[in-house]
(Lines give C-alpha, C1' and ligand atoms only; values in the text may rest on other atoms or scores of the structure.)
Protein backbone atom coordinates (compact mmCIF):
# COMPACT_ATOMS: atom_id res chain seq x y z
CA UNK A 1 0.00 0.00 0.00
CA UNK A 2 1.01 3.59 -0.44
CA UNK A 3 0.24 6.31 2.13
CA UNK A 4 0.82 10.02 1.99
CA UNK A 5 3.06 11.39 4.75
CA UNK A 6 2.58 15.01 5.84
CA UNK A 7 5.12 16.46 8.25
CA UNK A 8 5.29 19.71 10.20
CA UNK A 9 7.76 21.97 11.96
CA UNK A 10 10.86 20.18 13.21
CA UNK A 11 9.84 16.80 11.75
CA UNK A 12 9.35 18.44 8.37
CA UNK A 13 12.88 19.80 8.57
CA UNK A 14 14.34 16.43 9.60
CA UNK A 15 12.52 14.66 6.75
CA UNK A 16 13.50 17.40 4.34
CA UNK A 17 9.95 17.58 2.95
CA UNK A 18 6.46 18.59 4.01
CA UNK A 19 4.80 15.79 2.06
CA UNK A 20 5.84 12.52 0.42
CA UNK A 21 4.55 9.11 -0.56
CA UNK A 22 5.57 6.07 1.46
CA UNK A 23 5.07 2.48 0.37
CA UNK A 24 4.40 -0.04 3.14
CA UNK A 25 3.60 -3.76 3.24
CA UNK A 26 -0.08 -4.73 3.47
CA UNK A 27 -1.27 -4.81 7.10
CA UNK A 28 1.05 -1.98 8.14
CA UNK A 29 0.16 0.06 11.18
CA UNK A 30 0.81 3.71 12.00
CA UNK A 31 3.99 2.89 13.91
CA UNK A 32 5.34 1.02 10.89
CA UNK A 33 5.14 4.21 8.83
CA UNK A 34 7.19 6.01 11.46
CA UNK A 35 9.75 3.16 11.64
CA UNK A 36 10.16 3.15 7.85
CA UNK A 37 10.81 6.90 7.85
CA UNK A 38 13.30 6.57 10.72
CA UNK A 39 15.40 4.14 8.65
CA UNK A 40 15.94 6.93 6.13
CA UNK A 41 16.11 9.73 8.71
CA UNK A 42 17.61 8.32 11.94
CA UNK A 43 17.23 11.73 13.64
CA UNK A 44 13.53 10.90 13.95
CA UNK A 45 14.28 8.34 16.68
CA UNK A 46 14.80 11.03 19.31
CA UNK A 47 11.47 12.63 18.40
CA UNK A 48 9.28 9.52 18.65
CA UNK A 49 8.13 9.99 22.23
CA UNK A 50 6.99 13.56 21.65
CA UNK A 51 5.28 12.96 18.28
CA UNK A 52 1.60 12.29 17.73
CA UNK A 53 0.39 10.52 14.60
CA UNK A 54 -2.86 11.39 12.84
CA UNK A 55 -4.54 9.20 10.28
CA UNK A 56 -6.79 11.14 7.90
CA UNK A 57 -6.96 14.08 10.28
CA UNK A 58 -7.61 12.14 13.50
CA UNK A 59 -4.96 11.42 16.16
CA UNK A 60 -4.46 7.64 16.44
CA UNK A 61 -2.44 5.14 18.50
CA UNK A 62 0.63 3.48 17.01
CA UNK A 63 -1.22 0.22 16.37
CA UNK A 64 -3.86 1.88 14.15
CA UNK A 65 -4.15 -0.15 10.92
CA UNK A 66 -3.41 1.81 7.74
CA UNK A 67 -5.04 1.50 4.34
CA UNK A 68 -3.88 2.35 0.86
CA UNK A 69 -4.40 6.06 0.19
CA UNK A 70 -4.37 7.14 3.85
CA UNK A 71 -2.83 10.41 4.91
CA UNK A 72 -0.50 10.01 7.89
CA UNK A 73 0.42 13.27 9.62
CA UNK A 74 3.42 13.60 11.96
CA UNK A 75 2.64 16.13 14.66
CA UNK A 76 5.34 17.57 16.98
CA UNK A 77 4.34 19.00 20.38
CA UNK A 78 1.94 21.92 19.99
CA UNK A 79 3.37 25.45 19.94
CA UNK A 80 0.42 27.64 19.05
CA UNK A 81 -0.43 30.91 20.72
CA UNK B 1 -20.63 78.80 54.85
CA UNK B 2 -21.88 77.85 51.44
CA UNK B 3 -21.04 74.54 49.79
CA UNK B 4 -21.85 73.28 46.33
CA UNK B 5 -23.90 70.09 46.23
CA UNK B 6 -23.53 67.78 43.22
CA UNK B 7 -25.94 64.87 42.95
CA UNK B 8 -26.12 61.86 40.67
CA UNK B 9 -28.56 59.25 39.40
CA UNK B 10 -31.44 58.55 41.76
CA UNK B 11 -30.37 61.20 44.27
CA UNK B 12 -30.23 63.80 41.50
CA UNK B 13 -33.82 62.90 40.57
CA UNK B 14 -35.00 63.09 44.18
CA UNK B 15 -33.34 66.48 44.66
CA UNK B 16 -34.63 67.68 41.32
CA UNK B 17 -31.24 69.11 40.37
CA UNK B 18 -27.72 67.94 39.55
CA UNK B 19 -26.11 70.87 41.29
CA UNK B 20 -27.07 73.52 43.84
CA UNK B 21 -25.69 75.76 46.53
CA UNK B 22 -26.38 74.94 50.18
CA UNK B 23 -25.81 77.29 53.08
CA UNK B 24 -24.78 75.66 56.36
CA UNK B 25 -23.78 76.98 59.80
CA UNK B 26 -20.04 77.33 60.48
CA UNK B 27 -18.56 74.07 61.79
CA UNK B 28 -20.95 71.94 59.72
CA UNK B 29 -19.90 68.39 58.87
CA UNK B 30 -20.68 66.28 55.82
CA UNK B 31 -23.64 64.62 57.52
CA UNK B 32 -25.14 68.03 58.26
CA UNK B 33 -25.29 68.78 54.54
CA UNK B 34 -27.20 65.56 53.99
CA UNK B 35 -29.57 66.30 56.88
CA UNK B 36 -30.29 69.82 55.56
CA UNK B 37 -31.15 68.41 52.13
CA UNK B 38 -33.36 65.70 53.65
CA UNK B 39 -35.48 68.39 55.34
CA UNK B 40 -36.39 69.70 51.88
CA UNK B 41 -36.51 66.25 50.23
CA UNK B 42 -37.66 63.68 52.82
CA UNK B 43 -37.32 60.86 50.24
CA UNK B 44 -33.58 61.10 50.84
CA UNK B 45 -33.96 59.46 54.25
CA UNK B 46 -34.41 55.99 52.74
CA UNK B 47 -31.25 56.44 50.69
CA UNK B 48 -28.90 57.48 53.48
CA UNK B 49 -27.47 54.05 54.26
CA UNK B 50 -26.55 53.36 50.64
CA UNK B 51 -25.11 56.80 49.86
CA UNK B 52 -21.45 57.77 50.00
CA UNK B 53 -20.41 61.39 50.40
CA UNK B 54 -17.37 62.89 48.70
CA UNK B 55 -15.76 66.18 49.65
CA UNK B 56 -13.84 67.81 46.83
CA UNK B 57 -13.62 64.52 44.95
CA UNK B 58 -12.61 62.27 47.87
CA UNK B 59 -14.99 59.93 49.71
CA UNK B 60 -15.29 61.02 53.36
CA UNK B 61 -16.97 59.90 56.57
CA UNK B 62 -20.07 61.70 57.83
CA UNK B 63 -18.11 63.60 60.47
CA UNK B 64 -15.76 65.21 57.93
CA UNK B 65 -15.62 68.97 58.61
CA UNK B 66 -16.72 71.16 55.71
CA UNK B 67 -15.35 74.51 54.62
CA UNK B 68 -16.83 77.37 52.67
CA UNK B 69 -16.57 76.67 48.94
CA UNK B 70 -16.38 72.88 49.29
CA UNK B 71 -17.99 70.61 46.75
CA UNK B 72 -20.05 67.86 48.37
CA UNK B 73 -20.99 65.00 46.04
CA UNK B 74 -23.82 62.56 46.81
CA UNK B 75 -22.93 59.14 45.38
CA UNK B 76 -25.51 56.34 45.12
CA UNK B 77 -24.32 52.69 44.95
CA UNK B 78 -22.13 52.12 41.90
CA UNK B 79 -23.76 50.82 38.73
CA UNK B 80 -21.00 50.98 36.15
CA UNK B 81 -20.18 48.26 33.64
CA UNK C 1 -5.17 55.24 29.31
CA UNK C 2 -8.49 56.07 30.93
CA UNK C 3 -11.58 57.68 29.60
CA UNK C 4 -15.23 58.57 30.09
CA UNK C 5 -16.71 58.96 26.59
CA UNK C 6 -19.97 60.25 25.15
CA UNK C 7 -19.29 58.54 21.81
CA UNK C 8 -18.66 54.87 20.96
CA UNK C 9 -15.50 53.38 22.45
CA UNK C 10 -12.94 52.43 19.78
CA UNK C 11 -11.68 49.25 21.43
CA UNK C 12 -9.25 48.43 18.62
CA UNK C 13 -7.58 51.83 19.00
CA UNK C 14 -7.24 51.33 22.75
CA UNK C 15 -5.70 47.90 22.21
CA UNK C 16 -3.32 49.22 19.58
CA UNK C 17 -2.16 51.88 22.01
CA UNK C 18 -1.31 49.20 24.59
CA UNK C 19 0.85 47.09 22.29
CA UNK C 20 4.53 47.49 23.01
CA UNK C 21 7.65 45.38 23.28
CA UNK C 22 7.53 42.99 26.20
CA UNK C 23 3.78 42.46 26.00
CA UNK C 24 2.86 38.84 25.27
CA UNK C 25 -0.80 38.64 26.21
CA UNK C 26 -3.60 41.15 26.15
CA UNK C 27 -7.04 40.52 27.63
CA UNK C 28 -9.92 42.81 26.79
CA UNK C 29 -13.28 42.84 28.52
CA UNK C 30 -16.09 44.60 26.71
CA UNK C 31 -19.38 45.03 28.52
CA UNK C 32 -22.31 45.21 26.15
CA UNK C 33 -25.87 46.44 26.82
CA UNK C 34 -28.02 43.34 27.13
CA UNK C 35 -31.52 42.93 25.79
CA UNK C 36 -32.83 41.47 29.04
CA UNK C 37 -32.56 42.88 32.53
CA UNK C 38 -31.66 40.56 35.40
CA UNK C 39 -35.38 40.21 36.11
CA UNK C 40 -35.89 39.30 32.44
CA UNK C 41 -37.67 42.52 31.43
CA UNK C 42 -36.99 43.66 27.88
CA UNK C 43 -34.61 46.60 27.92
CA UNK C 44 -34.72 49.34 25.33
CA UNK C 45 -31.34 50.65 26.42
CA UNK C 46 -29.31 51.97 29.33
CA UNK C 47 -28.56 55.53 30.36
CA UNK C 48 -25.20 55.94 32.09
CA UNK C 49 -23.92 58.92 34.01
CA UNK C 50 -20.71 59.46 35.95
CA UNK C 51 -18.98 61.79 38.33
CA UNK C 52 -16.27 62.15 35.75
CA UNK C 53 -13.19 63.50 37.57
CA UNK C 54 -13.64 61.00 40.40
CA UNK C 55 -14.33 58.14 37.99
CA UNK C 56 -11.10 58.84 36.12
CA UNK C 57 -9.17 58.96 39.38
CA UNK C 58 -10.74 55.68 40.46
CA UNK C 59 -9.75 54.08 37.12
CA UNK C 60 -6.15 55.17 37.73
CA UNK C 61 -6.17 53.80 41.28
CA UNK C 62 -7.55 50.47 40.11
CA UNK C 63 -4.88 50.22 37.41
CA UNK C 64 -2.17 51.05 39.94
CA UNK C 65 -3.44 48.35 42.31
CA UNK C 66 -3.48 45.79 39.49
CA UNK C 67 0.08 46.73 38.59
CA UNK C 68 1.08 46.22 42.21
CA UNK C 69 -0.42 42.74 42.27
CA UNK C 70 0.69 41.67 38.81
CA UNK C 71 3.93 43.56 38.05
CA UNK C 72 4.49 44.51 34.43
CA UNK C 73 0.74 44.77 33.79
CA UNK C 74 -0.71 47.78 31.98
CA UNK C 75 -4.41 48.62 32.23
CA UNK C 76 -6.71 50.80 30.13
CA UNK C 77 -10.27 51.57 31.21
CA UNK C 78 -12.90 53.35 29.11
CA UNK C 79 -16.55 53.79 30.08
CA UNK C 80 -19.22 55.31 27.96
CA UNK C 81 -21.96 57.60 29.32
CA UNK C 82 -25.24 58.88 27.88
CA UNK C 83 -27.95 56.88 26.17
CA UNK C 84 -26.88 53.45 24.93
CA UNK C 85 -28.89 50.98 22.91
CA UNK C 86 -28.89 47.18 23.19
CA UNK C 87 -25.68 45.73 21.76
CA UNK C 88 -23.58 48.86 22.28
CA UNK C 89 -20.35 48.75 24.27
CA UNK C 90 -20.66 50.39 27.69
CA UNK C 91 -17.21 49.60 29.03
CA UNK C 92 -13.87 48.32 27.80
CA UNK C 93 -11.08 47.18 30.11
CA UNK C 94 -7.78 46.10 28.54
CA UNK C 95 -4.96 44.42 30.48
CA UNK C 96 -1.61 43.85 28.78
CA UNK C 97 1.09 41.77 30.44
CA UNK C 98 4.18 39.74 29.59
CA UNK C 99 2.19 36.50 30.04
CA UNK C 100 -1.45 35.62 29.71
CA UNK C 101 -2.19 34.47 33.27
CA UNK C 102 -1.47 37.95 34.62
CA UNK C 103 -3.40 39.60 31.83
CA UNK C 104 -6.50 37.52 32.60
CA UNK C 105 -6.21 38.07 36.36
CA UNK C 106 -5.57 41.81 36.09
CA UNK C 107 -8.42 42.35 33.63
CA UNK C 108 -10.94 40.44 35.78
CA UNK C 109 -9.76 42.34 38.87
CA UNK C 110 -10.11 45.73 37.19
CA UNK C 111 -13.62 44.92 35.93
CA UNK C 112 -14.73 43.75 39.39
CA UNK C 113 -13.30 46.84 41.06
CA UNK C 114 -14.76 49.21 38.48
CA UNK C 115 -18.22 47.79 39.05
CA UNK C 116 -17.90 48.14 42.82
CA UNK C 117 -16.08 51.44 43.21
CA UNK C 118 -16.27 53.71 40.18
CA UNK C 119 -18.81 56.55 40.53
CA UNK C 120 -20.85 55.53 37.49
CA UNK C 121 -24.59 54.81 37.43
CA UNK C 122 -27.02 53.21 35.03
CA UNK C 123 -30.73 53.44 34.49
CA UNK C 124 -32.61 50.78 32.59
CA UNK C 125 -35.09 52.04 30.01
CA UNK C 126 -37.84 49.54 29.25
CA UNK C 127 -39.29 48.60 25.89
CA UNK C 128 -42.85 48.59 27.33
CA UNK C 129 -42.61 52.28 28.26
CA UNK C 130 -42.78 51.76 32.02
CA UNK C 131 -40.60 54.14 34.06
CA UNK C 132 -36.87 53.46 33.99
CA UNK C 133 -35.05 52.27 37.09
CA UNK C 134 -31.57 52.94 38.46
CA UNK C 135 -29.71 49.67 38.91
CA UNK C 136 -26.75 49.25 41.22
CA UNK C 137 -24.24 46.42 41.12
CA UNK C 138 -25.00 45.54 44.74
CA UNK C 139 -28.37 44.06 43.84
CA UNK C 140 -31.68 45.49 42.72
CA UNK C 141 -32.63 48.94 43.96
CA UNK C 142 -36.17 49.97 44.66
CA UNK C 143 -37.78 51.72 41.68
CA UNK D 1 -16.09 31.59 13.87
CA UNK D 2 -12.71 29.94 13.44
CA UNK D 3 -9.82 30.76 11.20
CA UNK D 4 -6.21 30.16 10.27
CA UNK D 5 -5.02 33.33 8.50
CA UNK D 6 -1.95 34.35 6.54
CA UNK D 7 -2.78 38.06 6.95
CA UNK D 8 -3.27 40.17 10.12
CA UNK D 9 -6.24 39.16 12.28
CA UNK D 10 -8.94 41.84 12.37
CA UNK D 11 -9.90 41.43 16.02
CA UNK D 12 -12.51 44.21 15.95
CA UNK D 13 -14.31 42.51 13.06
CA UNK D 14 -14.33 39.20 14.93
CA UNK D 15 -15.72 40.89 18.04
CA UNK D 16 -18.36 42.71 16.03
CA UNK D 17 -19.47 39.39 14.54
CA UNK D 18 -19.98 37.96 18.04
CA UNK D 19 -22.18 40.75 19.32
CA UNK D 20 -25.79 39.71 19.48
CA UNK D 21 -28.79 40.08 21.76
CA UNK D 22 -28.31 38.29 25.06
CA UNK D 23 -24.56 38.89 25.17
CA UNK D 24 -23.52 40.96 28.17
CA UNK D 25 -19.80 40.35 28.46
CA UNK D 26 -17.15 39.64 25.91
CA UNK D 27 -13.58 38.69 26.77
CA UNK D 28 -10.90 38.78 24.10
CA UNK D 29 -7.42 37.33 24.44
CA UNK D 30 -4.85 38.51 21.93
CA UNK D 31 -1.46 36.84 21.93
CA UNK D 32 1.27 39.12 20.65
CA UNK D 33 4.78 38.24 19.49
CA UNK D 34 7.15 39.21 22.29
CA UNK D 35 10.55 40.80 21.90
CA UNK D 36 12.19 38.38 24.33
CA UNK D 37 12.12 34.58 24.33
CA UNK D 38 11.56 32.72 27.60
CA UNK D 39 15.35 32.39 27.90
CA UNK D 40 15.61 36.17 27.35
CA UNK D 41 17.13 35.99 23.85
CA UNK D 42 16.12 38.84 21.55
CA UNK D 43 13.58 37.59 19.03
CA UNK D 44 13.36 39.00 15.54
CA UNK D 45 9.98 37.33 14.99
CA UNK D 46 8.12 34.02 14.99
CA UNK D 47 7.26 31.73 12.11
CA UNK D 48 4.03 29.78 12.65
CA UNK D 49 2.74 26.83 10.68
CA UNK D 50 -0.33 24.68 11.15
CA UNK D 51 -2.01 21.51 10.00
CA UNK D 52 -4.92 23.64 8.94
CA UNK D 53 -7.92 21.29 8.58
CA UNK D 54 -7.13 19.60 11.89
CA UNK D 55 -6.47 22.94 13.62
CA UNK D 56 -9.86 24.24 12.54
CA UNK D 57 -11.55 21.06 13.79
CA UNK D 58 -9.71 21.37 17.10
CA UNK D 59 -10.86 24.99 17.44
CA UNK D 60 -14.45 23.84 16.93
CA UNK D 61 -14.08 21.05 19.51
CA UNK D 62 -12.61 23.44 22.06
CA UNK D 63 -15.48 25.90 21.50
CA UNK D 64 -18.01 23.09 21.89
CA UNK D 65 -16.43 21.97 25.16
CA UNK D 66 -16.46 25.53 26.49
CA UNK D 67 -20.12 25.83 25.56
CA UNK D 68 -20.81 22.59 27.44
CA UNK D 69 -19.14 23.91 30.58
CA UNK D 70 -20.47 27.47 30.38
CA UNK D 71 -23.83 27.32 28.61
CA UNK D 72 -24.72 30.28 26.45
CA UNK D 73 -21.06 30.98 25.67
CA UNK D 74 -19.91 31.62 22.12
CA UNK D 75 -16.26 31.29 21.15
CA UNK D 76 -14.27 32.54 18.17
CA UNK D 77 -10.67 31.45 17.58
CA UNK D 78 -8.31 32.87 14.95
CA UNK D 79 -4.63 32.00 14.59
CA UNK D 80 -2.20 33.54 12.19
CA UNK D 81 0.50 31.57 10.35
CA UNK D 82 3.57 32.59 8.38
CA UNK D 83 6.26 35.07 9.39
CA UNK D 84 5.28 37.44 12.21
CA UNK D 85 7.25 40.33 13.61
CA UNK D 86 7.50 41.47 17.24
CA UNK D 87 4.25 43.17 18.31
CA UNK D 88 2.03 41.43 15.75
CA UNK D 89 -1.01 39.44 16.85
CA UNK D 90 -0.52 35.69 16.56
CA UNK D 91 -3.81 34.55 18.06
CA UNK D 92 -7.19 36.00 19.06
CA UNK D 93 -9.73 34.12 21.19
CA UNK D 94 -13.07 35.81 21.87
CA UNK D 95 -15.63 34.48 24.35
CA UNK D 96 -19.06 36.09 24.51
CA UNK D 97 -21.51 35.16 27.26
CA UNK D 98 -24.54 36.54 29.07
CA UNK D 99 -22.34 37.43 32.08
CA UNK D 100 -18.71 38.26 32.49
CA UNK D 101 -17.63 35.43 34.80
CA UNK D 102 -18.43 32.83 32.14
CA UNK D 103 -16.82 34.92 29.42
CA UNK D 104 -13.56 35.15 31.40
CA UNK D 105 -13.58 31.44 32.27
CA UNK D 106 -14.45 30.27 28.76
CA UNK D 107 -11.83 32.50 27.15
CA UNK D 108 -9.05 31.35 29.49
CA UNK D 109 -10.09 27.71 28.97
CA UNK D 110 -10.05 28.04 25.18
CA UNK D 111 -6.62 29.69 25.18
CA UNK D 112 -5.17 26.98 27.44
CA UNK D 113 -6.63 24.20 25.30
CA UNK D 114 -5.52 25.80 22.06
CA UNK D 115 -1.94 25.98 23.29
CA UNK D 116 -1.99 22.34 24.36
CA UNK D 117 -3.94 20.65 21.59
CA UNK D 118 -4.12 22.64 18.37
CA UNK D 119 -1.71 21.40 15.67
CA UNK D 120 0.15 24.71 15.34
CA UNK D 121 3.89 25.21 15.69
CA UNK D 122 6.21 28.15 16.10
CA UNK D 123 9.85 28.78 15.39
CA UNK D 124 11.73 31.62 17.01
CA UNK D 125 13.92 33.68 14.72
CA UNK D 126 16.74 35.46 16.55
CA UNK D 127 17.99 38.97 16.07
CA UNK D 128 21.64 37.83 16.32
CA UNK D 129 21.28 35.61 13.26
CA UNK D 130 21.78 32.30 15.10
CA UNK D 131 19.61 29.41 13.80
CA UNK D 132 15.94 29.54 14.68
CA UNK D 133 14.40 27.02 17.09
CA UNK D 134 11.02 25.33 17.24
CA UNK D 135 9.40 26.00 20.59
CA UNK D 136 6.66 23.86 22.04
CA UNK D 137 4.30 24.85 24.82
CA UNK D 138 5.40 21.86 26.89
CA UNK D 139 8.77 23.41 27.63
CA UNK D 140 11.88 24.14 25.61
CA UNK D 141 12.73 21.78 22.77
CA UNK D 142 16.28 20.94 21.76
CA UNK D 143 17.51 23.14 18.88
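Just so it is clear, A, B, C and D label the chains in written order, and each chain counts residues from 1 on its own.
Basically, a contact is a pair of C-beta atoms (placed from the backbone, for glycine too) under 8 Å apart; a residue touches a chain by one contact, two chains touch by 3 or more.
Predicted model, so just to flag it, every value in this text is computed and none were measured.
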Least hop count linking subunit A to subunit C through chains in contact: 2
Between subunit C and subunit D, centroid-to-centroid distance (C-alpha), Å: 24
Length of the line joining the C-alpha centres of subunit A and subunit B, rounded to whole Å: 74
Residues of subunit B touching at least two other chains: none
Multi-partner residues of subunit C (each touching 2 or more other chains): 31, 111
Touching chain combinations (by label order): A-D, B-C, C-D
Residues of subunit D touching subunit C in the complex: 11-12, 15, 19-32, 34-36, 86-87, 98, 100, 103-104, 107-108, 111
In the complex, subunit A residues that touch subunit D: 6, 8-10, 46, 50, 54, 57, 73, 75-81
Touching residues (chain side subunit D, partner subunit A) in the complex: 31, 48-51, 53-55, 57, 79, 90-91, 111, 114-123, 134-138, 141-142
